[in-house]
Amino acid sequence: MKYMDEFRDPATAKKLVEEIKRLAPIARGQRDMPLQIMEFCGGHTHTLFKYGIESMLPADIEMVHGPGCPVCVLPMARVDDCVVIAEQPGVIFTTFGDAMRVPGTCKSLLQAKADGCDVRMVYSPMDALAIARKNPDRDVVFFALGFETTMPSTALTLLQAHREGLKNFSLFCNHITTPATMRAILTDPDLRLDGFLAPGHVSMVIGAHPYDFVTRDYRKPLVITGFEPLDILQALWMLVKQFAEGRCEVENQYARIVPEAGNVEGLKAIAEVYETREHSEFRGLGNIGDAGIQIRETYAAYDAERKFKLQAAASTHDPEHLKCADVLRGVMKPWECPAFAKTCNPQNPLGALMVSPEGSCAAYYAYGKLAKRKENT
Amino acid sequence: MKYMDEFRDPATAKKLVEEIKRLAPIARGQRDMPLQIMEFCGGHTHTLFKYGIESMLPADIEMVHGPGCPVCVLPMARVDDCVVIAEQPGVIFTTFGDAMRVPGTCKSLLQAKADGCDVRMVYSPMDALAIARKNPDRDVVFFALGFETTMPSTALTLLQAHREGLKNFSLFCNHITTPATMRAILTDPDLRLDGFLAPGHVSMVIGAHPYDFVTRDYRKPLVITGFEPLDILQALWMLVKQFAEGRCEVENQYARIVPEAGNVEGLKAIAEVYETREHSEFRGLGNIGDAGIQIRETYAAYDAERKFKLQAAASTHDPEHLKCADVLRGVMKPWECPAFAKTCNPQNPLGALMVSPEGSCAAYYAYGKLAKRKENT
Amino acid sequence: MNLAGTITLAHGSGGRAMHQLVDNLIRQTFTNPLLEEGEDQARIPLAELVAQGDRLAFTTDSYVVTPLEFPGGNIGTLAINGTVNDLAVGGAKPLYLSCGFIIEEGLPLETFARILQSMRLAADEAGVQIVTGDTKVVQRGGADKLFINTAGVGVIPAGFNPSAGGAQVGDVVIVNGWLGDHGAAILNARGDLALEADIESDCAPLNALVEAMFAVCPDIHCLRDATRGGLATVLNEFAERSNVDMVLKEEFLPIRTPVRGMCEILGLDPLYLANEGKLVAVVPITAAQAVLAAMQRIPEGYHACIIGAVMEGDGHVILQTAFGGERIVDMLPGEQLPRIC
Amino acid sequence: MNLAGTITLAHGSGGRAMHQLVDNLIRQTFTNPLLEEGEDQARIPLAELVAQGDRLAFTTDSYVVTPLEFPGGNIGTLAINGTVNDLAVGGAKPLYLSCGFIIEEGLPLETFARILQSMRLAADEAGVQIVTGDTKVVQRGGADKLFINTAGVGVIPAGFNPSAGGAQVGDVVIVNGWLGDHGAAILNARGDLALEADIESDCAPLNALVEAMFAVCPDIHCLRDATRGGLATVLNEFAERSNVDMVLKEEFLPIRTPVRGMCEILGLDPLYLANEGKLVAVVPITAAQAVLAAMQRIPEGYHACIIGAVMEGDGHVILQTAFGGERIVDMLPGEQLPRIC
Amino acid sequence: MCLGIPGQITELVDLEFLVAKVDIGGVKRDVIITCVVDDEHPAESCVGDWVLVHAGFAMSRLDEEEAARTLALLAELGDMQAEIDLMRQVETST
Amino acid sequence: MCLGIPGQITELVDLEFLVAKVDIGGVKRDVIITCVVDDEHPAESCVGDWVLVHAGFAMSRLDEEEAARTLALLAELGDMQAEIDLMRQVETST
């Protein structure tokens, strides 16, 4: 497949890895620990594991898996809210497949569905809108979830519903913004990070400039990166080069997709429909000012939170023994969580990080088997 | 079972038959045809066939099966109306099982159910009311059908709904009254009848006096009769005795159930809720003034006809080759209908008379097999 | 296995959840060496079969009853006994069953486990083993809680050959007891007619009974279990296939009072009510007493009795009423509906 | 039989309507002498079975696919081929099938007839006969249009004994062609993801292929059809049961472009997609080329290829990526869900 | 038409809504007794009474004396018949 | 996060609502192209264009030149690498 297979070429990968290996010691310099590079985005984590990239990297580089997975940072209370909405008579609750398995305090959406709620998976918010058109006597709610990549699609869908005057469609808005989340990570006193791979698809919407504060205020180099394995290797190479050459810049590895200024129409739609929340609690990130997103008053009629009069989600903390928050912030490795691979496993996930294929716990769970096998053989 | 088994005793039956046989020639007198006795009620027809009573009777007596079967006299257009109501979104259409198989112009309620309508069988109109209570967001309609026996139960149910202020319950009223129907039969110039067995359960509601016109105006003796086989034999005996003794009276064989004055509470409920229709078309009976029943204006809110704005049923006549009307009026025998046992049979009934176990066509269809077998052996 | 919670689509996905359900609950409940093999098919030595007869009997039924559990049994006991009985009435010794579950997501695991347990008990009672199976889970609203299919294999001893077409004039018709209990119990258990009656399903395995019957009369002419459609339907099949008349005496028909009561209330005929532990046999009159005596020694045959005889005719079932009349008992066009008129 | 109209509850009542449906449509479509007997069970001479092998294979599956008809097949072809394949992968020659229908009232008779017809064709193609069956009809909303259960019996020739636990280090892993076609075709045909792709189900009988394989290598170690859960699930079973690792080479895995495309769009892994005409064999390396050559002579094996090897280990499936890395291909906890994040 | 079955009231279920339990051959069902209750027969007195049940309503009281009278009459008829038979026999034999 | 796939627009489906058909490895889907249409790229001109598809929306144009440039750079790196390897070999062999 064009524009995918070319970026999965093993020969080129080999060369890139050689280059990284050559530059990494120079880049690392006098640090006593390896260079800590955070791939912010769960999509990158997925690529790392899917292609076994970490095993190719020199010991001078250590990848830190970031919180860029919208279901991973979703507090349990939000899943509970979804279930509450889905349980209303007449509601069709629509969602991306990702959110179906995420555990709430007592059940996931998948379980709510098994218990009789009409929960439907869709590929696009527009498909949820089509369901609303086809079921005028039902209340169709779409679980709007995701970083800036997804925000234009939900905003445009809401605007379309508004144009058509649909009264039975609303969004349960749980979007979250990337730069604010990054800032929260950077201000965390526990964290030690040397640089970032920035999410390519968020960036195609917001452009490159929103990351300027990372290099300017926190002196961490950052490369906007695509999702094919060569994209990641090239971005890592660009990053080690920055270290080696003493630069600290926002660079764009993913220029074929990410325009400097982002996407004008997408940003317009976001600005029209959404505004930041004053308080918003995310798992592992606590209350991040400016990161949470809500629907503007103008479009209150399409806001499931208002329509179903949800209580402002009480700040529910995870039980003490579940360390999802620490893993998300990158201050703990999955296997350091006492639940890891014991009470928490992919068949029976206690935290979202064990659910999603992008969740680091799920990834390490599978990876751990491989590592163990390698030890044995 | 008490009050049933005693009235099924074969030894007593034998004696009664002897008595009837003894009296029948005297009763018949100079008539060139056998005595034609109409059992008005389908329930009696059922008993006749179930116990093989006709085969016990002397040739002097011929039973004529009357129209006293509410589904048999139901015009196809009324079944179509049922289907129209059942097809409304949100409707739960409730009915006695009897009406489920009756063919409409294009489908029966059973087929409407198979096609996705929510049609439910109930044992009592009160059970339909319970469904309405349990489903406040659905519109529950009960198909009120039957002669005076059933009218108090539907009227009392409506009054109960009214007391509870239920907004989602209504009756589709297709009741019909017995005396008016009998009068229509008696005025038919084609018909030759000598006497009547009158329906015991209608009579327990209306009492004995509404039949006075039959003896007074038409000089036809009449015996109110129960539904066990001995009841029927005794009533026939009473009837032949009237002929033999030259009497013409309304007699009550079923005194254990039928009070002279009928049922006061039942008649009160009927009078409160129902009134006669000006025009009402019944199959085989044409437009009988006073026989059709509708819900009074006071209870319009519980009238499905008004609620679903049904057109006054167009006077739909059966196709020419279906002789249900003639069979119902007693001027044609089932086997004289050209459809009988050919295109019209119990698996694929074209007329209601082939549907119900009380329908004379269905009964003769089964009986015919027996008769044929007797000829052969 | 932890039985809290419900069946979800994951249990039918083919993945880990399904393997756990199958291995830790289903296989563990039904456990036997053939099933333990865990292959896509059970493998049964043919030598073992040949030792027991000369023909393999093979049958299947799906079970879709509502409610799943009712007085006298549940969908699981039906699924075992029904297929055991369809083998037995062919003269076969029932041996091995397959079992296919179709589960609606949301079924409590605990309910499922309870039904599995009673299947195991029913299988043990009938002396059969469940040796292969399948589990599917469908969306909410895609099925009515639980459907079970069982197929069964057994071996028919040489010389046994009951057949719906085998009735001969002069034969007698025997049933093994009360008619209509299952149908009435289900109507009652469903609750939508708001009746209360002390009626239990007659669900039972008939293979021991059939074995006893063949032991005294290898020449049973017709043999069927009277399930859907009741006694009337089976006898119509016999009559039509044998081209004879089956003449029943009403006063010989064993029907319990509450079953009669329910029929009178609802305008139903008990001859068409379903049974799940009743068989109808047509046997030569010379063997009738021996067969009856053999039956009456087995619990499932305690109430066995003669209900009629085979007469010359062209394929009808005739009921001689206690009242002295006669009527045809035809096959019904469709389901019996409760009526009020 | 007149095919206007729909299935109603009467067709499952046990009465005349059901007998007509069974006799005039189902039995007529499947017609064969054993079925014509019309008894409650088929009766198969054991002598005929013993002549073909030493073990009876017995299996069952229920089929619940939505939509009922899809490019490349329908629920009926699945029901025949699926059970034929479950017999074949045990080394058996598939012979006789049972067939249980559970029908939601309202199914067009014409749809049902069309599905029956394709079952007949599939049975003929696979050389099996449907010899016993059952039909149930449930209320609207009580099932999703039509479910079919088939059980099957066949005979395993002496010496054939493939088993999930039989893989040995050094063996090679073979599949007979493109992976994931069925799963992708169904996702596509369902239409709720509004995708359009030219993908057909691979639904096919594998018994001829399996016969050809055993002919050149009676010692096939493991053999399974890769249905629900896909290739990954079967290999995990092999690995766990044999306590070895299955190591796959990503670039050897045959996956069609549109299947890949659909997987990329929806975030799915084709290794977990269902197949309905694919088998996975583990064979001694010495026999690999002969098996492959034999397979490639049969249409269902034209695209057969080696995809990996068995290595020492403790029960894992490992994928060597084309990119040069390695990853574990675990059994999934539940169903794969399309994802967007 | 109008299937109606005799049953015996065994229990009062709801005095306000006039619901009573009726036993019909061992099968029980709640029925509305409005039509069989009057000043002469208050609801409280109904247990043990026989009624004719139709569509979930007790539609009439079963008059047990009338029932006995009918049965007696039929029995008498039997005796009468027996007499006639006897007479005939006597006639024939003479 | 944010699964996005390159696809090529093959057809305009609805100019008013800006719906176009996209081909992704032979799989087609209607997507909303609002975000990739502007004065420079009117909807009418989009057929043949490559876009990045996410959740049923074309979210960005794929800049084919940039893609070529990146691939060229990587290839060059390969050559460079080959050069380095060669140099090392030469060094070792000498």
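Residue numbering begins at 1 within each chain, and the chains themselves are lettered A, B, C, D, E and F in the order written.
By our rule, contacts are C-beta pairs under 8 Å (C-beta built on N, C-alpha and C of every residue); 3 or more make two chains touch, one makes a residue touch a chain.
Here's who's who by UniProt: A, B = Hydrogenase maturation factor; C, D = Hydrogenase expression/formation protein HypE; E, F = HypC/HybG/HupF family hydrogenase formation chaperone.
Only a predicted model underlies this, so the values are computations on that prediction, with no experimental measurement involved.
Participant: Going by the stated contact rule, which chains contact chain A and chain F alike?
Facilitator: Common contact partners of chain A and chain F, which must touch each of the two, are D.
Participant: Which chain maximises the distance between its CA centroid and that of chain A?
Facilitator: Measuring from the centre of chain A, the most distant chain centre belongs to E.
Participant: Which chains are joined by the largest number of contacting C-beta pairs?
Facilitator: Counting C-beta pairs in contact for each chain pair, the top pair is C-D.
Participant: Go ahead and note the Å separation of the Cα centroids belonging to chain A and chain D.
Facilitator: 38
Participant: Round to the nearest whole Å and give the separation of the Cα centres of chain B and chain E.
Facilitator: For chain B versus chain E, the centre distance works out to 22 Å.
Participant: Rounded to the nearest whole Å, what is the centre-to-centre distance of chain C and chain F, using the mean of the C-alpha atoms as each centre?
Facilitator: From the centre of chain C to the centre of chain F is 64 Å.
Participant: Going by the touch rule set out above, which residues of chain C reach two or more other chains?
Facilitator: 8-10, 16-17, 139, 193-195, 257, 260-261, 264-265, 267, 330, 332-334, 339-341
Participant: Mind pulling the residue numbers of chain F that touch at least two other chains?
Facilitator: If we look for residues of chain F contacting two or more partner chains, we find 1-3, 5, 24-25, 29, 54-56.
Participant: Name the residues of chain A that each touch 2 or more other chains.
Facilitator: As it turns out, chain A has residues touching two or more other chains at 1, 4, 42-43, 69-70, 96, 110, 123-124, 127, 146, 150, 346-347, 358.
Participant: Which positions of chain D touch chain F when the two form their complex?
Facilitator: 188, 193-198, 257-258, 260-262, 264-265, 267, 339-341
Participant: Spell out the residues on chain D that touch chain B in their complex, using ranges where they run on.
Facilitator: The touching residues are 5-10, 16-17, 20, 105-106, 140.
Participant: Note which residues of chain A are touching chain F in the complex, please.
Facilitator: 1-4, 6, 11-12, 15-16, 18-19, 22, 41-43, 68-70, 96, 123-127, 146-147, 149-150, 152-153, 156, 160, 199-202, 204-205, 227, 230, 234, 253, 255-259, 263-266, 269, 358
Participant: Would you tell me which residues of chain B are touching chain D in their complex?
Facilitator: Residues of chain B touching chain D: 110-111, 113-116, 346-347.
Participant: Which bits of chain C are touching chain B when the two form their complex?
Facilitator: 192-195, 245, 257, 260-261, 264-267, 312-314, 316, 318, 321-328, 330, 332-334, 337-341
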